[in-house]
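The two complexes that follow have chain A in common; it is paired with chain B in the first and with chain C in the second.
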Partner chain A sequence: MAALPKRIIKETERLVADPVPGINATPHEDNLRYFDVTIHGPASSPYEEGIFRLELFLPEDYPMSPPKIRFLTKIYHPNIDKLGRICLDVLKTNWSPALQIRTILLSIQALLGAPNPEDPLANDVAQRWKEDEKAAIETAREWTRTHATV
Partner chain B sequence: MDSEQIDYQSLNYLSTVDHNLCCPICRSPLVDPVYTTCLHTFCSTCINKALERSQTCPVDRTPLQAEDVSPAPIMIANLVNELAVLCPNSELGCTFTCARYLVEAHLSHDCEFVYMKCRECGDKVLRRDAGRECLHQLEECTHCFQHIKKIDMEAHEKECPGLLGECMHCRLEIERSELKEHEFTCEEATISCSSSSLGCPWSGQRKELSHHQAACPFTFLRPVLQAHAERLTKLELENRTLRKRIEQLTPRINQSNTTEPLSFDEQAYQFLTEQEHMRQDMERLSATLGELEIKQGMLLMNESLRTKEELAGIRAAINGIRMQIHWLLTVRVHGTEHRHVVGGGAGTPSNSAGPSHPAEHSASRRLSDNFGQGVKL
Partner chain C sequence: MSDDDFMSDEDFNDESLEETDSEFEDETYDDDRYLKYDKPQRKSYEVEFRVYSDSQIQKAQAEQIEEVSNILGLPSEQCAVLMRHFKWQKERLIEQYLNSQEEVLGAAGLDTNAARTLKIEKVKGFMCDICCNDENGLETFALRCDHRYCVECYTVYLEQKIKEEGESGRIQCPCEGCSTLVDSKAIKLLAPKSVSDRYQVLLNRTYVDDKDNLRWCPAPNCEYAVDCAIGPKQLTTIVPTVVCSCGHHFCFGCGLNDHQPCPCALVKKWIKKCEDDSETANWISANTKECPKCLATIEKNGGCNHMTCRKCKHEFCWVCMGPWSEHGTSWYNCNRFEEKAGVDARDHQAKSRASLERYLHYYNRYANHEQSAKLDKDLYLKTEKKMTLLQSQSGMSWIEVQYLDSASKVLQQCRQTLKWTYAFAFYLERNNLTHIFEDNQKDLEMAVETLSELFERPVEQLASLKVEMMDKTAYVNNRRIILLDDTAKGLLEDKWNFTVDLN
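Then we have the complex of A and B:
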């Protein structure tokens, strides 16, 4: 593999030296493009008190193409499917090379605080979210308790 | 030098650069800066690559075409071009620093650490060695007799197996190739006890090991300790699985019955309230006890007062009787004297009572009656 671009080195250094509150991203020693990520569920959301694990990979042409991110912890959310894939426009069509790992992780944390059932990825979850939001939120809370607490 | 392009984006700068002079895409100081119709500045290669993917400005997402991009004002270009950088070969040993726009000239004319073609054989050689004779000819190592390229000889001498090396423990001079092996048997090498994994802190020269092990308690207990260690790992494993199961079970318990598991604080609180109750009970009991004592004392006093009065009455009555008896006795003595005087002779007392003293007699009777009444008081 080619040498790591300066931009990735700089981003990694900043992530480690000046981490975003509630977000932690650590690169693998043997592959500096692969990160172990944890995100704390935002306060007063059904994911509060949960710690969610994600994997993040910077493809060869990053930052021209977006990082690949996936939830590893099970989560009940209308925009995240069973495999942990995330429906977030900035990760797909709205990606810009001026975005960074930290801004992307912040938008994912924000997505946890503001689920959007109108733009679903997990259809059954979104359906339930629209029909009975209270029950759906309770399920999300329960999943957080069972899967996202240590 | 080779026609290799300089990777400006990976240059190292002498000081940190103001972020306004950095490209929002590669985050390095701008290289060949351009600016857009929406007034954002990028490296020209960066924005061109970005526009291949998406026809929008990476910063504000306004629609953007290649023709909306033009070279940045010369002042910006000068600012970034004059930033001081390290030579790209600094890791190889070049200590040269210069303004960024001079790097290319340094590499193509001066840098000693640029690879060039050997004049004689065409192989790669650093500029600093290029002026001498061809370094790619083979040469025999004087120690191990291997054939080594001259250019590699310096590196070879560090690891030539034919050169003598000195054992750092016993100072024995020995061929390098055998040095490693020697260390495994060197009598003076410092080693630790073979039971160090079990906790033996001993370390010393190899020749003293057998002496130590003859007395080492850890070696002695080795079988026992090992069995313990095995059991411990087994128990730890079991503990871990059990803990996991507890973790799986606890949320369910918490949901179904939130009051059951009392925390330590709650228990302590219960004990304290119970103790408080008991203390109050005791206070009440001792108060009643005091009251009872007082009542009993009063009763006792009343009773003894009456007894005392009665006793005084009885005493008075006894006194009366004594006086009466005294009186009677005196009357009797007077009576016999009187008879002596009247009858002139001594007679029996019963017969002596004559009709001459009936009044005195009845008076005494009445007196005794009075005393009797006094007793009844």
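Then we have the complex of A and C:
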């Protein structure tokens, strides 16, 4: 593999030296473009007290293209599907090379705090979210307890 | 029949002479930018259009931008951004700009701080947020929003946007959430020539895409655009076929190949139906029968003729379709063809098959002409060869054998028309008008087949057939005109009753 770009080195250093509260990203020793990520569910959301594991990969042309991110922990959320893929504008069309791993992970944390059933990825979840929000939130809480607590 | 033809021929000419309202428009467009002028007299199925070349489109844009630039007193690259933002509606732009300058500039992604000129600079102590490079003497660039990045990152960013994503008029500053647009001056400054050329091409396209009265010629590698005033709402009453300077005939409404006389809405429905149904319908028709009781479609994949429907448990005979109970002991050997129950069952089945057969009737004829159209290319090559051969055999000149070429062209055009008459007919409700249409269709088809047959004769005979072929060619062309004129007028006057809604 080609030498790691300065940008990735700097970002990694900063992630370690000055971590974001509730978010942890550590690169693999054998592949510095591959990160293990954990995100704490935001307070007063159904994901509160859950710790969600994600994987993050920086493609060859990062930061011109966005990082590839996926939830590894099962989660009940209208914008996250069964495979853990995330529907988030900044990961797709609204990506900007000035965005960073840190900002993207913060956006994902914010998405947990504010689900958007109007722009769903998991249709069944979004449907339920719209029809019976209370029950949907309860399921999300239940899933958090079963899958996202150690 | 031929008397009748004569009559309608004259009728038609009279009527087309009356149609003079198009000339008024012609004069207002007296401009050397246009490549092609309409024939002064339009037939009822023809529409008015112009063909523009790439450079004419660029010139037209530049002129409009220049004009606005003079009025608003802004640099032309900013005016270009504004014009694109307003989809080239000059008056609206000027009006709104004069009302609230700042708002308009902001909404279009321009910064009001226009005083500073954009240039590549070296800034002390700068670190690029994209590559994290902080070497001394790093060349940097920022738009008016002052989000500064190194030139290398900027260039890669623009290349990605232009070459990979095909963007042009809406490329924003790389900073997240910043909506300042990258204008053509910045592109020229930063991007290599191949990228800025591509940018120009893409930008040119947005002009055509933004304007409802312009459309690119869909032929491969053709760079002309066609200007035609027919809007989407008129498509139920007219089929706007236009001819590009590259020779491609296409519909201005939907961009598909010429599909006169069939309106766009029917074409869309028909193509979808054909994609969905044709093969399936053919297979069903060839391989299955329906249960006489519940009409479930059944494929017999082996075994005896004593069928028991899986769905309704009805027992019947596969051969005569009558109930099995009447078959007594003559199993596997149905000889009860005349029995009433069996006849009824077959009647019933015949009815349910009728609609399928109706569709297949039209589809097969449509597909047949489509197949012929696919052979067009061969036909053309064959024509050329025949023309050369004929010259050497009969001592005729190149000009004298041109009748073969015109015959082949007319043949191709008529097959295209015929093809779509079948889609048109499929959706047509039967009434007296349908008879006229079908007669026209039949006449055209017969004429086409006769000409086609003449065309296929051995080369030795062709020289002596010259007059006959020229006559036939003219006749076939006339039949086509009559058919198209009849259908186009019907559409315009809303005379046709279709089995589906056109809107």
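By definition in this document, the second predicted complex is superposed on the first by the 150 of 150 C-alpha atoms of A that agree within 3 Å, B and C clash if a C-alpha of one lies under 4 Å from a C-alpha of the other, contacts with A are read in each partner's own complex, and residues count from 1 in each chain.
Keep in mind that, in the parts below, contacts are C-beta pairs under 8 Å (C-beta built on N, C-alpha and C of every residue); 3 or more make two chains touch, one makes a residue touch a chain.
Keep in mind it's a predicted model, so treat the numbers as computed, not measured.
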Chain B and chain C placed together on chain A: clash or fit? clash
Practice task
With the two complexes superposed on chain A, say which partner A:Thr103 touches: chain B (first), chain C (second), both, or neither.
Solution key: second
- Query: A:Pro5 contacts which: chain B (first), chain C (second), both, neither?
  - Reply: both
Query - First (chain B), second (chain C), both or neither touched by A:Ala114 - result: neither
Q. Can A:Val90 be said to touch chain B (first), chain C (second), both, or neither?
A. second
- [ ] Scan A:Thr146 for contacts with chain B and chain C and give back first, second, both or neither.
- [x] first
Query raised in the report: Which partner does A:Ala17 reach: the first (chain B), the second (chain C), both, or neither?
Result: neither
Clash list for chain C against chain B, restricted to 8-16, 44-52, 98-106 or 116-124, contains only 116-124
Check: chain A residues flagged as touching chain B and also chain C 5-7, 10-11, 63-65, 94, 96-98
Contacts from chain C onto chain A in the complex sit at residues 129-133, 147, 149, 153, 156-157, 160, 174-177
The chain B residues in contact with chain A across the complex are 9-10, 24-28, 46, 49-50, 52-54, 56, 58-59, 61, 251
Touching chain B in the complex, chain A uses residues 3, 5-7, 10-11, 63-65, 94-98, 145-146
As the complex stands, chain A meets chain C at residues 5-7, 9-11, 61, 63-65, 90, 94, 96-99, 103
